[in-house]
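Letters A, B, C and D name the chains as they come in the text, with residue numbers starting at 1 for each one.
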Amino acid sequence: MLLVYLTLGLIIGVISPVFFDGIERKLKAYLQSRIGPPITQTLYDLLKLINKEVKPIHTTPFIVLYLLSFISSTLASILMVEIYVYTGESLYITLGLSLLAISLTSLTIAPLLVPNPFSYAGGMREVVLALINESAFIVSVTMYISLINNLLQTEALSIPLVLSVITITITMFVSGYALTGRAPFDIAEAEPELASGILVEFSGKLLAAYLYCNLLKRFLITLITAGVITAPLIKHSVFSLATTFVLTVLLWIVFAVISVTLGRSRVDLAPKTLAKTYILFISLSITGLLVHAYG
Amino acid sequence: MNFIRKAVKPAELLIIAGKTKRVTVKYPFEKPILSPEFRGSIEINHEKCIGCGACVNACPPNALEFVESSDKRTLRYNIGRCIFCWRCIDVCPVNAITGTRNFELATNDPLDLYSYIVHSKTKCTSCSKTGETVKMRKYIMQRSPVTENYINNCPDCRREKFINALSVRKVGFVAK
Amino acid sequence: MPSKLESIKKSIWVFHLNTGSCNACDIEILDALTPFHDAERFGVKLVGTPRHADAILLTGPTTLEALPKVINAIEASPRPRILIALGSCGSSGGIWHDTYSTIGGVNSLLKILKERGVDVDAIYYIPGCPVRPEAVLYAIALIKGIVEKRVKSVVLNAE
Amino acid sequence: MLMDRNHIIQEYISLAKSLNGNVTIDNDTLHIIIPKESLVEIADKLFNKYQCDFRTCIGVDERPVNGYFSMTYVFTDNRNSLYLLIKTYIDSLNPSTPSIMKVVPAVDWCEMEARDLLGIEFTDREQYKLVLPPGWPDNVYPLRKEVPYNYRPLLRGTSEKISPSTELGVIPIGPYHPALHEPEYFELYVEGERVIDVKYRGFHVHRGIEKLAETRMTYQQVNFLAERICGICGFEHSTCYALAVEKAAKLDVPERAQYIRSIILEVERIHSHLLWLGVAFHVVGYDAGFMHMWRIREKIMYLAELLTGSRKTYGINLIGGVRKDINEDKKQKTLETLRELEKEFRELIEIAINVPQVKKRLSGTGLLPKEDAVKFSVEGPVARASGVNKDARRDQPYAAYKYTSFKVPVYTEGDNMARALVRINEIFESISIIEQLLDKIPRGPIMLEDFDIPEGKIGVQVVEAPRGGDVHFVITGHGKPYRWRVRAPTYNNIPALKIMLKDQPLADAPLTIASIDPCFSCTDRILVIRENGKREWLRITTGV
C-alpha cells in the first residue's frame, strides 16, 4: 500500500510544479488587475521549448549531467520527505535534507559552467544566496522538528519553548522563501541588469530542463516546509500525506502573494539582511531552548 | 506603531488590486477601447479620386506615391509606410479620401500592404506625349473657362502653339 | 515548416529589438502587456535574451549602426523563429525609408539575411504609427489563428 | 526687472564689441557674430562668469549662400529669458576652428557631431567618431549640401568581432529593454559587483533626421518628422519646431492654439513621468508597481487619443496652429480623468515608494553633485534633482505657460530618489497646469490662415520636455528649412552618467541609467563558441 501512495506522490511531485506555477502566474495577474495566462501556460511553454532548436554551448554535456544529478536527487528527496510524512521517522527527513543539499549544489553549479559574463555574474549571486539560505534552511528545519516534538511532549506549556518554536518557524519560512528564488531574492536572474542572468545562454530543451528544475526545486522546498509542519501534528499516514499536499499548495500561494508586493533586492543587500535575520532568530531560538531546559 | 504601518504599507497594494479588480478588455473577443477621434487607416474612393497628386505632395512619409507608366498613372497607398496623420484628407480637393478607425492591419504577406488606384493619362492631341490624368482634365474643364482644344495639348505643345500664334500675329510667319 | 510553427503558437516568447525606432512603438508593445490589454493571456512574454525568443520584434527602419547587431540577434535565436516588423518604420522604413543612415525597413533586412543564410520561418507585418496595443494583440491573434486577416491588396480603376 | 534686463543686454553687447563681435538684437535673441579667435574667450565669459546655460552648438553648411561653414553656439540666460547665439564663420577650404571644450565641457558631443556630419575640425581637443556608423567612408559628410539625403554607402565588415577575451569583469549593458529609448551600449567594467569604469557607445538611432528635413520635406511635413524624433516626448519636439519657425517668421499664432499646445504638452508630461515611474519599478523588480502604474497611465493615453486622435505621436501641430480643437465635452472629460488620475496616483505612489527594496535602491544611488550637473549642462529632472533650478517653462516662457502659475520642484540630494521625487511632484503640478489652462482657454481660431515664411531667418526655441530642455534651431529656406538642428535633453544627460555610475553596485546601474530617463536598460552581448571552435563575441546592443 505504501508503495502505491509513494508512486502516486512521486507522480504528483513530478507533474504538479508545472501547474502550481500556472496558478502562481494567474494569481499574480489577478493582483495586477489583469486576466493572466491560462493555468496550463507553463506546460505549454515547456512543451514549446522542447520542440525548439538548441543553440549549443561547449559545456552542454556537463550542464546536462548536473541537471540530471539535480533531478534524480530531488526526486529521491521528495520520496524521502513523503516517507517521513507517512511514517513519521525522522531518519527519512534527515536523508531528504542531505539529498536537498546535493540537489541545490548541482543546480547552483550549472550556470557557472556557461561561458558568458551575465551567466557568471548571475551564478555567483546564486552561490552567495545559496550559501546563506541553504544552511539556514537545513538548520532551521532540523531544529524545528526537534523543538516541536519537544513541545508536543511537554505537559505544561513552556513559554520560552513556544517562543523558541515561533522564531525557528519564522527562520524556516524566510529561508525557504528565499531558497525558492522569488521576488526580493530573484537577483540571479535579474532581467534588467543581467539579461536573465543564469538563464542567458540556455535555449530550447536545455532551457526547458533548467526551468523545470527550478520549479522542482520550489516544489521540494515548499513540500519540506509543509511536511515538517504536518508530520508531527497529524499521525494518520495517508491523511497526513494529503494534508501535506494541500498545505504545499497553500504555502505556494502565500509565497506568490508575498512576492507580488515586493521588489528585487540587491546582491550586497540581500545576504546581509538575510544573515542578520537568521543569526538573530536562530540565536533567539537557542536561547529560548536553553531557558526552557535549564531555567 | 508608525514603524509597523510603514512596514505593512506594501501589502496595501493588495487592497488596491482588490478594489480595481480586472480591467483587461478581452480584445479580440470584445470590442477594443477606441476613442471616437482615433485616426486609423485611410480609404480612397476610386470614383471620386482625380489623380491630382495633392495627397502625394503632402504625405510626409511618401506612403502615397505615383507609379508612372507610359499611359497609366497609378496612385499607390502603402499602409506599411503610412503614419496615419490624415494630412491627405486635409488637402484632397475632391474629398475622395476618408479616414476610418480601422487598425487591424496586420498581415503575413507584404503584398497585402499595397493598394492601387489606376488612372489613365491624357494624350496630347498634337504630339502624343502623355500628361495629367483624364479625370484631372475633366475636373479642370468643369471649373475653369479653358477651351477643350487648349487643354488637350501638353504644356510643351501649348507653349509652342502660343509662341507660334504670337509670331504669326507679330511678324506674319513662324520662324523655323 | 508549418508544423513546426504550430508548436510555438501557444506560447510566443518575444525578444524586442529597437532598430532605430522613435520608441513610440516600443512603449506600446510594453503597453500591450499591461493590465488593460494583457498580452500574457495569449502566452506572450517579453524575454531578455534572443536565446529564449520565438519571435523577434523589429521596431524601426534598421539603422546602419544597429544592422550587425540585429543580424546577430536573429541568428542567436533558436528555430523555429518568426520575425515581426512593427510599425510603419519596421514594415517599410516609414518616414525614414530612404535616408542615408538606414536601410529602410524589413524588406532590405530580409535580403541581407538571405545573403547571409539566416533563415526565418515566418514574417508578420503590423502597420501603425505608432502601433496600437490592440493592433499588437490583433497580430498575436492572427499568428494564433484566432482572427482572419482583414487587409488585402486592391487594384481599382479610377474611371 | 526690465531695467536689469536692459542692463545685462548692454553688458553682453559691450562684451561682444570688445572682442570684435557684431551684435543684432531680435526680441529675446542676441545674435553675436564673432571671429573664431575670440570664440573661446566669449564662451568662457558667458558660461563661467555670467553663468549662462550652454544648450547646444550647430554647424551649418552656408557655402551655397556665402561660401563659408559656420558654427553657432546657443547659450541661454535663464534669469533674463535671453537667447545668445554666438556665431562664427569658418573657411570652407580648411574648415577648422578652436574647440571651446576646455571652458564648456558640455560641448563635447555636439562638436564631434559637427565634425562627423560636416567635416569641421576642432583644435585643442581629442577628436573621435561619434555619430556615424563604423565603416562609414571618410570625406563623406552627410550634412554638406552637395551630399544627397539618400546616399547610402557600401559598408564593409559589419559584424563586430572583438578579439577573444577571457575577461569576465566586463559586463555589457545595453538597450533592448522594455520601454527604453535610444539603443545605447554601455560597457561596464566591474570588480565583483562594483562598477569601476564605464564606456559608452550610442547613436544607434541616427536616422538622418536633420538632413531629411532640409531635402525631401516641406515646412509642414517636418512637424510630423519632428514628432518622430522621440515617441515619448514627440509633441515637445513638434511644438519646439513649430515655435522656432514661427519665431523666425514672426508669426502671430492664435492664443487658443497656444493654450491647446500647452495642454497637450502637459498631458504628454504626465504620461511620460508615469511611464518612467513604471519602468523604474520594473527595473528594481517591482512588477506589480509597474503594472499598476501603467494601468493608471492608460487613462492618460485614452485622454490623449480623445484630444488629438492618436495615442502617441499626436500629429496635431502645424506651423501656425493646431489641427484639433478642444470642445466643451472633451474639456469635461479631461477634468474628470485628471481628478480620477490624481486620486489613484496619490494612493499608489505612496505604497510603491514605501516598498523596502524600492526605497533602498533609489536612495543614495546614482549620485550627481551639483558642480558636475552644471559642468555637463544636464537638463530637466536630472538637473533639478541635483539642485540646479532651471525649467524652460518658467525661464523662457513659450506657448501659454505665461498664463499659469506652477512650482518647479528642486531637490539637492542628486540621487535616484530625488529624480523620482521631482517627477512625482511634476505630475501633480502638470495636473494643476492643465486645470488652469482649461479654465482660462480663450475662444477664437486655432489655426493661422495665410502666412508666408521669409527665407534666411533664424529661430531658436527651448521647450521643456519631460526629460529636460529640447532645443530646436531653424534657419528658414525656400519652402523648407535651410538648416534644422535638434538637441534632445538626453544628449546632455548621458555624459553625466559616467559620474553617476562610478562606484555603484552593478545591480543599480540599470536603475541609474534609467534615472536620466533615456530609461534604457540592458543589452546582451553573448559569447558564442562556433562549431569550429572559434570564439566570437556577439554584441546584441540594439533594442529599445
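As a working rule, a residue touches a chain if its C-beta (ideal position, glycine included) is under 8 Å from a C-beta of that chain, and two chains touch if they have at least 3 such contacts.
As the structure is a prediction and not an experimental result, all values here were calculated from the model.
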Relative to chain C, chain with the most remote C-alpha centre: A
Chain pair that, of all pairs, has the most C-beta pairs in contact: C-D
Centre-to-centre distance between chain C and chain A (centres being mean Cα positions), rounded to whole Å: 38
Separation of chain B from chain D, taking each centre as the mean of its C-alpha atoms, in whole Å: 32
Centroid distance [mean C-alpha coordinates] between chain B and chain A, Å: 61
Separation of mean Cα positions, chain D and chain C [Å, integer]: 28
Shared interface positions of chain A, touching two or more other chains: 31-35, 55, 191, 195, 200-201, 260-262
Of all residues in chain D, the ones touching two or more other chains: 176-177, 216, 224-225, 228, 288-289, 291-292, 295, 298, 310, 313, 355-356, 522, 524, 526, 528
Chain C residues counted as touching two or more neighbouring chains: 34-36, 38, 41, 48-49, 51, 76, 94-95, 98, 129, 132
Arrangement of touching chains [line / ring / star / complete / other]: complete
For the chain A and chain D complex, residues of the former touching the latter: 28, 31-34, 55-58, 115-118, 120-121, 183-184, 186-187, 190-195, 200-201, 260-269
Complex contact set, residues of chain D against chain B: 216-218, 220-221, 224-225, 228, 288-289, 292, 295, 298, 302, 305-310, 313, 315, 323-324, 347-348, 350-352, 354-356
Residue ranges of chain C touching chain A (in the complex, touch as defined): 4, 7-8, 10-11, 13, 34-36, 38, 40-43, 45, 47-49, 51-52, 54, 76-80
Residue numbers on chain A that touch chain C, as the complex places them: 25, 29, 32-38, 41, 44-45, 47-48, 51-55, 191, 195-196, 199-204, 207
Parts of chain D lying in touch with chain A, wherever the complex brings them together: 168, 170-173, 176-177, 190, 193, 281-289, 291-292, 295, 355-358, 360-361, 505-511, 521-529, 531
